[in-house]
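First chain written, first letter: the chains are A, B, C, D and E, and each begins at residue 1.
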Amino acid sequence: NSGDDKGSDSGLQKVSYLTSFGQFGREAYAYVALEKGYFKDAGFDVQITPGNGTVEVMKQVAGGQADYGIGDFTAITITLGKQKLPVTTVGMIHQKSLAAIVSLEGMGIKEPKDLVGKNIGDQPGSTNQVTFPVYAQRVKIDDKLVNFVPAPPPALPQLLSTGKVQGIGQFVVGVPLVEKADKEGRKAVVLPYAAVLPELYGNAILTRADVAKDHPDQVKKFTGALLKGLDDAMKDPAAAAEILKKYVPTTDVGVATKELELMKPNTVPTNSGDPLGAVDLDRVQKILDILGETKAITPGGLKPADVVTITLAPKG
Amino acid sequence: MTKRSWWTESRASAVLLPITGLIAVIGLWWLATIVFAVPEFLVPSPGDVLVRFSQDPVMLLQNAGVSLLETIQGFLLSIVVGVPIALLIVRSAILERLVYPLLLMVNAIPKVAIAPLLVVWMGFGQGPKVLMVLLMCFFPIVISTAQGMKSTPVELVELLRSLNASRTQEFFKLRIWHAMPQIFTGLKVAISLAVIGSVIGEFVGATQGLGYLIQTSGATADTALAFAAITLLSIMSIILFYGLVLLEHLLLPWAQESR
Amino acid sequence: MTKRSWWTESRASAVLLPITGLIAVIGLWWLATIVFAVPEFLVPSPGDVLVRFSQDPVMLLQNAGVSLLETIQGFLLSIVVGVPIALLIVRSAILERLVYPLLLMVNAIPKVAIAPLLVVWMGFGQGPKVLMVLLMCFFPIVISTAQGMKSTPVELVELLRSLNASRTQEFFKLRIWHAMPQIFTGLKVAISLAVIGSVIGEFVGATQGLGYLIQTSGATADTALAFAAITLLSIMSIILFYGLVLLEHLLLPWAQESR
Amino acid sequence: MIRLDGVGQVFDGREGSITALEKIDLHVRAGEFVTLIGRSGCGKSTLLRLIAGLLSPTSGTVKVAGKPVTGPSPDVAFMFQRPALLAWRSVLSNVLLPVELDRTIRDRTAYKNRAHELLELVGLQGFERRLPHELSGGMQQRVSLCRSLIRDPQVMLMDEPFSALDALTRTELSEELQRIKMELSTTIVFVTHSIDEAVVLADRAVVLSPRPGRLRDVVEIDIPRPRSLGQNSHLADVARISARLHALLSDKTPPVAERLVDEVWPR
Amino acid sequence: MIRLDGVGQVFDGREGSITALEKIDLHVRAGEFVTLIGRSGCGKSTLLRLIAGLLSPTSGTVKVAGKPVTGPSPDVAFMFQRPALLAWRSVLSNVLLPVELDRTIRDRTAYKNRAHELLELVGLQGFERRLPHELSGGMQQRVSLCRSLIRDPQVMLMDEPFSALDALTRTELSEELQRIKMELSTTIVFVTHSIDEAVVLADRAVVLSPRPGRLRDVVEIDIPRPRSLGQNSHLADVARISARLHALLSDKTPPVAERLVDEVWPR
């Protein structure tokens, strides 16, 4: 399943694709592209596999086990700052970061200031945690006074609703899940990073650096097909959720639909006129600066070109 | 007196008692969820799990089938790999001392931590899952086979030597047989680990299997589904275990148990 | 001939050979990373790991200490819990059949899947980690103790019965002793699982320990740190294993091994 | 003291069942020394195990001291055909095992001295702290013998206690056994293959017929005690009885158990 | 055939070492039947194990058929003091074990017939398919005996083969053993505790002194064969030699090994 492995029975090119994490509603767009034949039209026979988080997806793409994958742009940048993995991003799924701190009503968190002195559960090294110092700076609290408790993602809603922690690092699209998990029916309180950090991107499309270099047309065709799926999913979340359910029978259509609805505003390009999936090099530079500032990466250690292949990004 | 009551000896009790035990466990679980008012998203009651199961029985059983196949493949593979290693270890003290650290090192690695690595190496197929099962369960097999063979009475080893048996014969006519009860102990420990191995393998890069279900449901807060999968897993593990017990009974009628 | 070369018998070889084995393993690892040009982000070379270790030796060792403590506590606890369960199982066939399904069920649950549950129940302290160790390693102890005791020769059991020994005496003067070699086999399997148990326990809600380090580093692609932690873990596991071997040697001089 | 009525024992195996004993009627009086003799495999050990309560008969009843046997009793000591030593215990602590298991015993030092005495008697002084695997076959049997002698039970069941011993040790120990019997009036049932032993030691010798084991005959031996295995002052008597036993053992005709009982049974 | 020169054996244990044998010089001629007699624990089994190559002497040399012994050889059969049966094999397949292990043997059916023959000889017909734990002690010993007889080895080392057998079986088997010896001119070293056995079976009887085991004396027995354990036509000879052996065994003075060798050694 390498980039130039052509000539399967159907004449389609076999390509493998990794979601960012699992098969949640927020990943439905890939299945939409598959279901509606966009991949096929572009000449691909796509195999979708659930990923295990940004770093694992990066490794699997870099290691050649997958051709494309989805990962959080901030996490990608930080990882690339540490390790020169042969991957590059070729487009954005989320124009704004989905990162947020989520709490439940009655836990004493209403606004960012309330975070001081609280326990926040999160996966170590997650975007939410790594960029928290910047977030803290923007909302003018001392990040040292917030106590992060490490825990794997599946455990987070349980930790929150049992009150073991008062907040969790979560993507805004995860809110329906958090609310569903809480049987007391409390409403979620969401503190999205995007509100104070509009520069940050969310998920990006990843591919191997050599594929991007040697087969640019292929990559463009693939991202085109994927983003077409994203477009459809954003226009009709309920239909997308139904499609997802077809492929992943465990899907809760209601939750998936809600996730996609919540995701919608974050996929809209900030500069009007830009197409879905566009990348802005200036913003990338700004993100690098912010991460350098918080020592998440070595200041000046990365250039935008190390992270993005801008030539392949969708343009208006 | 070595006499036993008909009940202890009867075949019915060999089947009915474990089932009673199982039902008691499930009953306790039910009671606990009620008495301690455990919220469903934490630990669903057996009822919730049953309801969830009845919603998708075919899907659940299919996934269980996938895990079962991986488990059995990996388990058999680990016998095929483990027993010869044990032979080498018993055969030579020097080899034992050289090889054990390697085995221990491999065994000491938390398998969850290397599951992603296996996927990067071997792709998304069944391969890494079967390998994971192997990694999880080869060690008990190696060690109990080796210890069993080493505990062969000196007397019997001398008998074979006095009959001028080759080392190979010594192993295949004597030690392996003597070790059989202990090998089965190892297999019984290994089979549970094998089942878990398949699940851990499926945590990464799988699109089917009970591990995949647990992973998915865990993240969608569908706790009932996760518990349904875990329950199936337990049942699988219990059935495989008793399969081994039965096999032991059939193969080793001479291995007397004293109570 | 039952004679052995001085080398096989010598104490030096008992220490030097395992170390040689270890060095060989590390050499192979190094070679593999070079020959197959494995990228560092996948599997760092021993050199990378050593460099990473030397950057934070104190931090790493402190975390290893935390895991070690949990491992030992949980391991001892599982002996304290496991051996009495084994006694009950051997004592009564009915109890065995009732209790085994429960044990199997608990054992069949993939521990990674319930680690979060333990934290929810028991908080962020050492408690859930020690419990995790216990859950990971009690089963091999129970089963090998039980099987060892059951395999006591009928002849010896009859001797004790003819001496009018109570059931308790039968267990503590005879069966336990007879089972010792097999109990140690179980302990050796259990100790590796115990080490892994502590790590899995630390995956959730810990702020220290090797599991925490692996979790953290995994998320930041600091593969060298993860491997440094895993290496420490392996070393810990090897040392604990050989500790048991030594203990066995000291406690059971009568348990003859034949080769 | 010991009474068997119509005792039979059938073992079930995968290859069919084996009738080990059939219709055994036997009465051993208190303080009597009975030797049990018969061809190998005729059911001697099985009979002993029945009396010891280690086996329950498939038919008939076994009574010791008037009570039906339902399990092992503290008053009955059993010495097995094989040494059955605990591999992890030293010779001394193997010998002291019965004392250790008996929680009614307060004064253990007395027994310790007795153990040393017995070990010396059987020629194992200096081996007290050795482990069983360091002993020869006969030495193991001697340890097992000491173990069965350490407490002074009312009834002693001994399964070929001297089979692995040399003539001299055998003579010495048979004297000790007779001494114990006379001092404490212990009831002894003693299995042996040696006609000599059977004659010299016993008040009565019980002869079993081969498979299925039935009572072929019971021979009264009225030679005055103490007797000796080695040189014997009653050579003629011994020879006569030995010849009788020999004939009984060689006889290939099946025994007529009923008739024998009528004739020989001491009622 | 078998030659021991200055053989000594010391066992090291945690409680100090035991000298089992000291300065043993012995020569067993081809086709000779030697019985080894001595008190329990004097080193008889150890001596046999040395000849079989299961143990290497701490001092001295052992040669069989002119070659120094470095390990077990296919020409030497060993019957252990304990039955040492494989619990998972039927009686028949235990007996056939030596044949099964010998890969040079083509025709196995002949051996199968021989096995059945031997089992019948020792009175175990009908037990071929039983497992060892279903047998009595003596029956197990007989199986072990059949196993050692199944192949016709040049040298047979037998450690108390008849200890658990009754007088009759013993007589029958001793006859078979003599027949084998005469037909095949097998060299036999036979350990026994019974002076009778030692006298009736042997060309020469070797007497070991107790710990440390030394050669006390070697007694030539020139009674014509075949002899019988039961009734004997050479009663006087047997009685004389038995008395001699008895005296040798009872003698408490340490043997003067050197002198004995000079006197008795057949060169």
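Throughout what follows, contacts are C-beta pairs under 8 Å (C-beta built on N, C-alpha and C of every residue); 3 or more make two chains touch, one makes a residue touch a chain.
Since the model is a prediction, treat every value here as computed from it, not as a measurement.
Looking at the partners of chain A and chain B together, the chains they share are C.
Each chain gets a centre from the mean of its Cα atoms; the one farthest from the centre of chain D is A. Between A-C and B-E, more C-beta contact pairs join the chains of A-C.
The mean-CA centres of chain A and chain C are about 39 angstrom from one another, to the nearest whole unit. Work out the mean CA point of chain C and of chain D, and you get 49 Å between them.
Chain A and chain D have centres, each the mean of its CA atoms, that are 85 Å apart. Multi-chain contact residues, meaning those touching two or more other chains, occur in chain D at positions 53-54, 71, 82, 131, 133. Touching two or more other chains at once are residues 2, 42, 117, 120, 154, 158, 203, 218, 253, 255-256 of chain C. Chain contacts: chain A has residues 59, 63, 154-155, 158, 162 touching two or more partner chains. Residue ranges of chain D in contact with chain E, taken from their complex: 11, 13, 15, 18, 37-41, 43-46, 81-82, 123, 129-131, 134-139, 141-142, 160, 163-170, 193-195, 230, 246, 249-250. Chain B contributes residues 155-156, 158-165, 169, 173-174, 177, 180, 252-256 to its touches with chain E in the complex. For chain E in complex with chain B, the residues that touch the partner chain are 49, 52-54, 71-74, 76-78, 80, 82, 84, 86-88, 97-98, 100-102, 131, 133. Listing the residues of chain A that touch chain B in their complex gives 1, 16, 21-24, 47, 49-52, 56, 59-60, 63, 65, 153-155, 157-158, 161-162, 177-178, 180-183, 248-252, 255.
Residues of chain C that touch chain B in their complex: 2, 4, 7-8, 13-14, 17-22, 24-25, 42-43, 90-91, 93-94, 97-102, 104-105, 107-113, 117, 120, 139-140, 143-144, 147, 150-154, 157-158, 181-182, 184-186, 188-189, 192, 195-196, 199-200, 203, 211, 214, 218, 226, 230, 233-234, 236-238, 241, 255-259.
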